[in-house]
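By written order: A, B, C, D, E and F. Residues from 1 in each chain.
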């Protein structure tokens, strides 16, 4: 596969890792946040942490949209799905996310709620066309990457008068999350950030410039293949070593500095800033999410079904709130791997393959055991 | 079972049959029409014909409501069932009755039409209550016996404001059919009639008085157990022998002379005479059937769905038209038992267990073969 | 279609309904068409509705008549048998 | 959630759609967000939508850079090996 | 986290091949059916057999409703297949069980069914040694379907087959007919009635063992399930190219079953049985066999109900209690689906 | 009147036990599957077996859609069960087949499925000797479900079981992985994509026969169906109380399968196969076995993909192509139901 295979060359990966190993300076710490869940997933899938020197520590960030969506929003989605007049369409990742109690969309589905897994908003539109007697609600979640497809679907429904289609909009934005991380009182010490590649394909890389400047933080926006990530880490190591704090673009093949203006224009047309939105781990963050513009209220499930938002505390034992902020690692959660597993996730970070806990389950758990055995 | 077992005593049956055999007069012919399908069924089920002397010949009449309903009415029922907004409730007998082409309610059901078999109109009301988003149409067929339950169901729906309930009314009346038989140019020669027991429970026996008088025809209204029927036949033989032509009541335990006035009042309240109604075999007969009164038009499926009636000719080879008029016997149909069997009925008489062809299939066929073998 | 069976009323229920018994089988049916039913009465049951009360006296009369037919026949048979013997 | 894969446009379809190819697997997707695509172009495909064109020159540059890192390393390794030998 | 056996429901993951499915299989099926062959945990069971004739059979169970007076789909799925093995003149050895579960089906109901199935298997002494579970989306099944298969070893010297009936042979039924079908109908939506009728569902292999000891020359064994005695005898008449003559008065039928049939317009001859067998044997064996059957707890109401006759038309006929005779044809009347 | 094989549909009467059902069974099932055991027309098949070890297995097939590139539910129901017999180290002898049909299912589709099933059975040389048909109301099933059971005779001296893997043993896969699951997904509503990927569905008993001849000491045979190689190896690790170490670079995966997995965010290790087997054998047998497999038409792409290790945690791990190592856990991610 072009643009994939050449970035998955194992031998080359070890070469780059060796260079990183050679270039890290003794006594220096390289705490690097992989902001994006896609990066978290790749790191786990390809076992990159094993290749890195001990001083380079990867800290998973809040860039998994499944992880940062708070329980109250899951509850609303479940409530919608349980309505007999509604078919809820969702990306597959959301089905096992725990809502209040022991509920989830998967359980609601087993109870008889209409939940359809879709691959694309294009499919949700198809479902709406095929079910004119139901309201088809698309459970729209995700960062800037996933927002344009939601916007286009709404515009398409509007254009063809598909009145039984609506979005339950939960789109959030990356910069406010990054700001929250960096301004948090319990801020995790960071030497660099791997910037989100596909988000930046839409937003452009310049949105991270203020962070690099204000916090003197090296940022390298990276692709998702292992060589991309290793190169980005190398670039960060070099910035740290050289005392630079710039926004660099490792993912130049897909990411122009200006991003995709057309996609942003579509977002702008459909969505507007939500004054405040609750994030798991961060609480309510101002101007951190999008809602549907009033002129499209007919396609807004929140307006249409007068969905009130109720904030719901996380499971007592769940450390997701700290994990998405980089303050704790999955293995710091006392129910990791016992009460909370991918089969029976207690927190959202154990659900998506981009979640820190799920990734650690599939990768680090093994290392923990080996370390345990070695001790 | 009280009122059943004592009328099914085999030894007694043979005694009565012996009396009949003793009382029939040489040279006399006793062509007796068992008007009612229920009688046809009992005669077959208990093998009564084998007990009777050859001069007593039983001729099945038009009293099977499944048999006399014309194809066009079946087509309308199928059309209703195929509507996505309709659930059609029907007594089980109707499902295999052939409509136009090779269609039937059973086939329509297999194609996805909603057809529910109900035991009672009470169940059809339940279906309506459980499916408020569909119109539940009860396929109302039958003679006077079956009409009051339809009427009561409509009144009940009216009383509780069950607006999604409707009747597709095909109720017909016995006297017009009897008149058609007796006034037909190709009239079958009859010495007596076994009058319908359960119809008379509603109508009373006096409705047959004019027939007895005008055509000098012995009529004995009979119960449905084998001893009932044998007694009725004996009573008819005696009337014939004595030259009497009266309406006698063998079924006195259930049938008061006046019938059930309350049931008739309910019929009267809901239904009105239909100026003309097509019967299989008879064509359109004036004042022979009921339609729903205009004040209940909201519960009338024909009005509600603007169902036009289209007369459809019977299958070319099918002799049902003659059979329901007593002019032919099933074995006179050239496709009886070959192209037409209970599994794949071509005509309506092969469907209901009260139909002459179905009854002959289950009983007489065997006798035919034995006679064939004896020759 | 005109299938109807004798059933005994074993309980009267509200709304014109009653529980009837057919050979030990009990079912709730409508008795709205038959006034003044009492527990113990027999009715003719058709598609979930009682059509009429069964008259025990008339039934007995019919049975007597049936019995008589038999007896007459038996008598004649005896006569015939006697004649043949 | 942000899963996206490189895909090659193999046919342009009406209504802002195109057929793309991923390792021989073909799928119809929306290209409404990317102007001026031509058959043969590569795009970043995400939940059924092309997010952007892939720039072949930039890709080549990145690969060259990656190769270079390796070479430097190899060179050093040779140096080290030579030193060790 | 445990499976919630009180208010939990079957989810799609329970059929996905992952750990959730492994847990369902372990906690429910393996624990209920436990036996050494199943416990080996393979995709197939391995066992040792002697040389000889074996039988294999299968049946799917789609009965509705799932629970009924006298049994449930679980016990039925054991009895029915044990019986089809036994009707081959064989001693049943092992069963397999394939479950198709509908998403959303209550785990409590599933447990009840599996427990009942395990009890039926234990009672019969025929273990369930291998199985399979699939889960389909809500609306794509009806709660639970179970397909069992069975194997057994044919008793030495016994040879039964549907084509072995000969004119002069005697037809025996092992007990009252129609109980199962009427019990099901009594709890069908829209038909509900109260009665003491219970399904006769039971495993008949011990009765068969007694029968083949007494009359190893018996010709045909068949359980009259779907379509009842009428369908089964017509099938046998067809296969053996013979006619059959039944005696209505000899048919063992419970009064309540007769009553329910009158009420619903059914004929008990067409109503399904799940704990009765029909046997056709040479006339010289009939009395001995009948006596042995009646002495067995599963055959107390056994009766000779007719005989095999030569008839090119292969008619099954019945002498009615009135001296008449009628054809007992296959069922072509009302639809009474999902009776087994 | 004949069954209408062009535009006819399954009706409830086709499962009612009457003549309509007998006709469906005769015209379709008996005619397609015809063999002496089935033709005997009993509710069970009777056959002679030698003394020895036998296996019995069952699987339900609920795949959606019913027809897919490379096969259909009919061929799958034969291959899957033949394979489960073969994975017991046994020569498959006979199959049973239970059909659950949804009212309204096109008879033409049913005929296509049964014909394909008959062809698969004939090709495999494993006859379908007994069967059953049930019909459920529209909306109570999903077209057709098939449950097959199979019996077979274990090859002399062979003893395979999921608990026999030992540290040091070698893990071999018989060919490319993921083909079946991806072929199904390519025709799933909402996921449709065009590719040349075909299901690998095939009967593997001939390959197994070759394998046991070359290496009668092989320890484990298993077809990695639901949950793919990952689920199967985890099950085996669990049963044998061992760990396993895979080598990612050694996994045979077709480029298109890899592409489809990238597109859909799947991992081929979790994708179902229906014509592949995993074998665990002592290290000294590995090369000989691999050579024999590669020489067999069903094992041309066979590869050693890892080894068994001692591990109290029973982890299945994989060395990634990058020198890393990760756990290969059971599937807990997306739902891909009805893959078999």
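The rule we apply is simple: contacts are C-beta pairs under 8 Å (C-beta built on N, C-alpha and C of every residue); 3 or more make two chains touch, one makes a residue touch a chain.
No experiment lies behind these values; they were computed from the predicted model shown.
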| item | value |
| --- | --- |
| If a chain touches chain B and chain C alike, it appears here | E |
| Partner chains that chain A and chain F have in common | D, E |
| Homomeric contact chain E-chain F: same or different residue positions, threshold half | same |
| Dominant interface by contact count, named by its two chains | E-F |
| Centroid-based (C-alpha) most distant chain relative to chain C | D |
| Far-end chain from chain E, centres as C-alpha averages | D |
| Centroid spacing, where centroids are CA-atom means, of chain A and chain B in whole angstrom | 71 |
| Centroid spacing, where centroids are CA-atom means, of chain E and chain F in whole angstrom | 29 |
| Whole-Å gap separating chain A and chain E, where each centre is the average of the chain's CA atoms | 56 |
| Chain B-chain D separation of Cα centroids, rounded to whole Å | 78 |
| Of all residues in chain E, the ones touching two or more other chains | 12-13, 18-20, 255, 258-259, 262, 265, 330, 332, 335 |
| For chain A, residues that touch 2 or more chains besides their own | 1, 4, 93, 106, 119, 123, 341, 343 |
| Numbers and ranges of chain C residues touching at least 2 other chains | 3, 5, 22-23 |
| Chain-chain contacts as defined at top | A-D, A-E, A-F, B-C, B-E, B-F, C-E, D-F, E-F |
| Residue ranges of chain E touching chain A (in the complex, touch as defined) | 1, 4, 9-13, 18-20, 23, 103-104, 138 |
| Chain F - residues contacting chain E, complex | 12-13, 15-22, 40-62, 64, 84-85, 87-88, 90, 94, 96-100, 129-137, 139-142, 145, 147, 149-151, 154, 161-163, 222-223, 225-228, 231, 235, 239, 272, 330-332, 335-338, 340 |
| Touching residues (chain side chain D, partner chain F) in the complex | 3, 5, 7, 19, 22-27, 45 |
| Touching residues (chain side chain B, partner chain F) in the complex | 96, 102, 106-107, 109-112, 339, 341, 343-344 |
| Chain E-touching residues of chain B, taken from the complex the two chains share | 1, 4, 8, 10, 13-14, 17, 44-51, 92-93, 95-96, 106, 116-119, 123, 126, 226, 341-343, 353, 358, 361-363, 365-366, 369 |
